[in-house]
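Next come the structures, one after another.
One chain, chain A, links the two complexes that follow: it is found with chain B in the first and with chain C in the second.
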Partner chain A sequence: MMPTVTLSNGARRALLLAPALIFLAVFFVMPLLDNSARSFIREGGFTLSRYTDFLTDRFYLGVIAETVILSAAVTAISVLIAYPVAYVLVRKAGGFSGLMIFFLIAPLLTSIIMRTFGWQVLFARRGLVNQWLVNDLGLLDAPLRWLNTPGLAIAALVHVLVPFAVLSIASVLQGVDRRLEEGALMLGASRIRTFFEVTLPLTVDGIGTGAILVFMIANGSFVTLVLLGGGFQTLPLLIYQQFNTTRDFALASTMSTILLMIALACLWLQLRLLRRQGV
Partner chain B sequence: MTMNRRRFLGTAGATTTLLGLSGLPLRAQGGTLNVTAYGGVWEQAIRDCFVAPFEAKTGATATVSLGGPAQWLSQVEANPEQPPLDVLIMSPDLAVLAAEGDLMDDFTVEKLPNLQYIPQEFTDACLGKGTYFDYGVGGITYNKQIVSEPPRSFADFVERVSSGEFIASVPSISYGPTTVFFLWAINNALGGDVDNVDPFFEAMAKMKDNLVFWAGPNDFFNHLASGEADLGIYFDGRTWNHVDEGVDWIDFINPEEGGAMTAVAIQKPKNASDLAWDYLNEVLDAGNQAKFAEILNYGVTNTQVEYSEKLASRVTPLSEANLPPYADIARVRNDWIDRWNREIGM
Partner chain C sequence: MRLSDIALWVFTLAFFIFMILPIAVVVVISFTEAGYAAFPIPGWSLKWFARIFEYEPFIDSLITSLWLGVVATVASCLLGIPAALYLSRARSGWATVITTFLLSPLSMPMIVIGFASLFFLSALGFGISFLSLAIVHTVICLPYVIRTVAAVYRAVPPAYEEAAMILGAGRFTTFREVTLPLIRPGIAAGSLFSFLTSFDNLPVSYFFGSAQTNTLPVVMLAYMEHQFDPSIAALSTLQLLLAIVALVVADRLYGIEKMTVAT
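== the complex of A and B ==
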């Protein structure tokens, strides 16, 4: 008979957590620390000069502002579009809800590059949309230039990110107790008042989760902006350039750390706002 | 929960071994060489034209790592004592950086007999630590169905795009070679030099309302195919590749001022396997290079190469292309990129 080792509850928990913690430590925490360390070291000594240089340069401050504003705009539009879609999905779609979920998820199965090329084909100067407007419908004398405009870049990002918001909101909406809404209606509240005073507050958690998810992904979005331009200069684009073109790894690390701090600050702010709502 | 002690120790041991193994450097050893290639048709051409004859002659094997020069150079920089790659394909500017960093071995005719057929200026451009084996020329590619009278020079291109006669697709700053085959080439054509790029930025300011930017070569073709642009700045070889694929509506012009020669360099990291010299000699071989040129529609550097009739009419002769001063450009390139970011955007 072989001797056996009896593990306490704590040890058992630690053993179960170990693979995930080791994975995170090796593939996330260590590279992150190594990357950040580059930005603080110059000629063998500790320095904050890269951060002071970066944060006192009007051009780079503009880039930070553009990154945050773009992410916030994409998040706001995505949530505004996602809520009605989630509402219909949960409350109205009935037997078609499966089909709706399929249509929501189907674009995610396609490469983001292919989806972005689709926007190029549709909105090119001699693309399908301009052909309709100019040749078929006669609404315009000359084709419009859609590509490389901020509006199209934002639309493409929203297109990519709306499903994340819909799924987050829908899962919370599904759990809302319908009797609360029925109670409000029975007590004389209109449908609109019931929505704004009962349904919406009860789904703030889903809105918050969706908003955080969309904001984080938009904050680091790269491919869509590279391919569709829009004139945006965001931190991910500059980071890629520093790593890939100028090979200024220290500056890239500085930008990466600042981008991470912005993401964490926004996450903290959103969580605080949600808690204030009592969620 | 109970766990057999032997099983517990076995699991822990296996985990430790796996973690330890994951830290081992990937390195070509013994009779195996690790060479590099870009993806797609490039990879196949490298395998057919250089890897196959190398393996046939030496009995060794060569594995092909796909990627790009910046990534490969970083891999060598991270482990110069035991470089994970034995042969690097490099952009000319990074080849200069790698040579200046003393990361690469010297190229000599003693080690590489075929080097005697490569113009010395190409080895000099790599500071003696590498040479060019393949080149394309950046010029004007246009849609023949839209543009009946294409610009014949860079100066004409700038004027006519500025006036709104054409919408042009030009490389964005996120594409590595942009600073050479676009920025330097236009600047040079308009009278600027490495230390004065005002002519280029003034031209861009004039053209800005009629420009779209491509982030990668396929992006350029999409701009032309979708009608977003009428013409643009592109490479000769890539244009001919599209023609061979059945795209009969595009054509290429080497501008009168001469397009910038955008070369591909090869280098051997210090401490890489000596087998690399045999492979590199195959890369510089006239027969192998001729075959490579036929596949890719790009010029090659061995002076003994005889192109087919079709290719001879397409490849821009070395005499009609400008060899950019890559070492000087490497010195100021980051300043140019910073100025581009601030004045033009990404």
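== the complex of A and C ==
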């Protein structure tokens, strides 16, 4: 006789989760664990030596610092640019908001290669920007070298990431209770004071969530830096180089584990912020 | 208009010029008659679109990318839709943890996922193959399907399904006749996102490059390292056109505002 297995309603529904959970456990978690494990094994035994070597090496410490500082700088610039744009989108745009959202999302759908190509053309030695500056506006005597400068690489990274910041700040601004601002205005606060003492504090958590999102994506990006140069030495770039040329896979595993730790820390911070907002 | 408002609008306009200029320039260059990529262009022509079809690696990789996008999207739907259905009705603390886990591939650096998967899948014997690529692409596409379907289903009142069941419909009939039609816009939008994500992916596909498994972005990157001609612009323009069509379709099906809030 067949044994009859009775499952409660809840347990049966939980089976719906099984395929996705098993798939990600095998093909997402296992590869990452396997990769990290490789950095802890040397000559068949467990070792922390790669990490102690890595974290005491001035060059590699510099790489970690540069990765974090570059991502933080790109994030700060993106948020500063995004806030006014998000404010216009939510409060002022009216009938234009659909168009604005379209032009925010359309770039998200273009490939990194396309945008990089655009930057290369615009900022080439005889490119549009140099022609404007030298011939049309007469601001410069000779064309400037833009390509392979840190500034252009940062601008290109901001270009990739700023739409994410605008969209997440806009969704928080939308949730601000306008009556609180009206109250402040009625009680005699100026518009600027109302903004800094009411609107901005109410959106700080949202800015935080958006900033972490941008920071996380910035931390992992390398295609822009490979194609536009700028002389940065970041963890993703070094992993890419290790894979391509040096082929020290254990070192690459060590670096990707450190990069993963930074990503997990960001994810944890993001969850804490979201919980505080009660989303 | 107040002075501060004018300043805000000027800033916003400058922002959109910054956003659109590098992309618009590439679109214009794809129609150039010149043999080099420069702006402004000396004259108009469609020859760089023809060049795409003459260069075999472009076409081969385009076919690989299209198939890959379809396979990863179908797999993501099969795995993701049931999970999304469960999670949007669950209320326990566990459900939040599981949702976070299922969406976490979005937050991990792509280069680490690609690098780690190459070694892991090679050890399993999959090697550098279309199957390996499809598996890794499913990992990164799955969260998009789960997120969009869950967002749509959460907005569906349970009363519809309860009514069907009370009127005697079985579990499966209820799903096919009530639930599925209601979540179809979410499935469509999630699938579009998933397809576009796969189609555009470079950091993961890069690690699985070979003559048989090169995707379009990988071939474009390799091409750009040696040549700087407008055929890359023409390809990019085609890709953008595809994405915009998909975006307009998704907007009709699902609403563009909802997509941005879900981010």
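Here is the rule we use: the second predicted complex is superposed on the first by the 249 of 279 C-alpha atoms of A that agree within 3 Å, B and C clash if a C-alpha of one lies under 4 Å from a C-alpha of the other, contacts with A are read in each partner's own complex, and residues count from 1 in each chain.
Basically, contacts are C-beta pairs under 8 Å (C-beta built on N, C-alpha and C of every residue); 3 or more make two chains touch, one makes a residue touch a chain.
These numbers come from a predicted model, not from an experiment.
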| message | Let's test your reading of the overlay: on chain A, do chain B and chain C clash or fit side by side? | response | clash
| Looking at the overlay, what does A:L104 touch: chain B (first), chain C (second), both, or neither? | second
| message | Let me test your reading of the model: by the given contact rule, A:R126 touches which partner, first (chain B), second (chain C), both or neither? | response | both
| field | Larger contact residue set on chain A - chain B or chain C | value | C
| message | Which partner chains sit in contact with A:L227 here, chain B, chain C, both or neither? Use first/second/both/neither. | response | both
| message | Between chain B and chain C, whom does A:F59 touch in the aligned arrangement: first, second, both, or neither? | response | first
| Where does A:F117 make contact in the superposed view: on chain B (first), on chain C (second), on both, or on neither? | both
| said: Between chain B and chain C, whom does A:L238 touch in the aligned arrangement: first, second, both, or neither? | reply: first
| request: Considering only the stretches 25-33, 61-69 or 223-231 of chain C, report the one that runs into chain B. | output: 223-231
| request: State which residues of chain A lie in both footprints, the one left by chain B and the one left by chain C. | output: 117, 120-121, 124, 126-127, 227, 240, 243
| message | Under the stated contact criterion, what part of chain A meets chain B in this complex? | response | 2-7, 12, 22, 26, 59, 117, 120-121, 124-127, 145, 147-148, 226-227, 229, 231-233, 237-238, 240-241, 243-248
| field | For the chain B and chain A complex, residues of the former touching the latter | value | 1-6, 8, 19, 68, 70, 73, 94, 97, 167, 172-174, 176, 212-213, 215, 219, 222-223, 226-229, 333-334, 337, 341-342, 345-346
| What part of chain A is in contact with chain C in the complex they form? | 13-14, 16-17, 19-21, 23-24, 27-28, 30-32, 34-35, 38, 81, 84-85, 87-88, 92, 98, 100-107, 109-115, 117-122, 124, 126-128, 159, 162-164, 167-168, 170-171, 191, 216, 219-220, 222-223, 227, 236, 239-240, 243, 249, 252-253, 256, 259-260, 263, 266-267, 270-271
| Hey, which residues of chain C end up touching chain A in the complex? | 4-5, 8-9, 11-12, 15-16, 18-26, 29, 37-40, 78-80, 82-83, 85-87, 89, 98, 100-102, 104-105, 107-113, 115-117, 119-121, 123, 135-136, 138-139, 142, 146, 196, 200, 202-203, 207, 217, 220-221, 224, 228, 232-233, 236, 239-240, 243-244, 246-247, 256-257, 259-261, 263
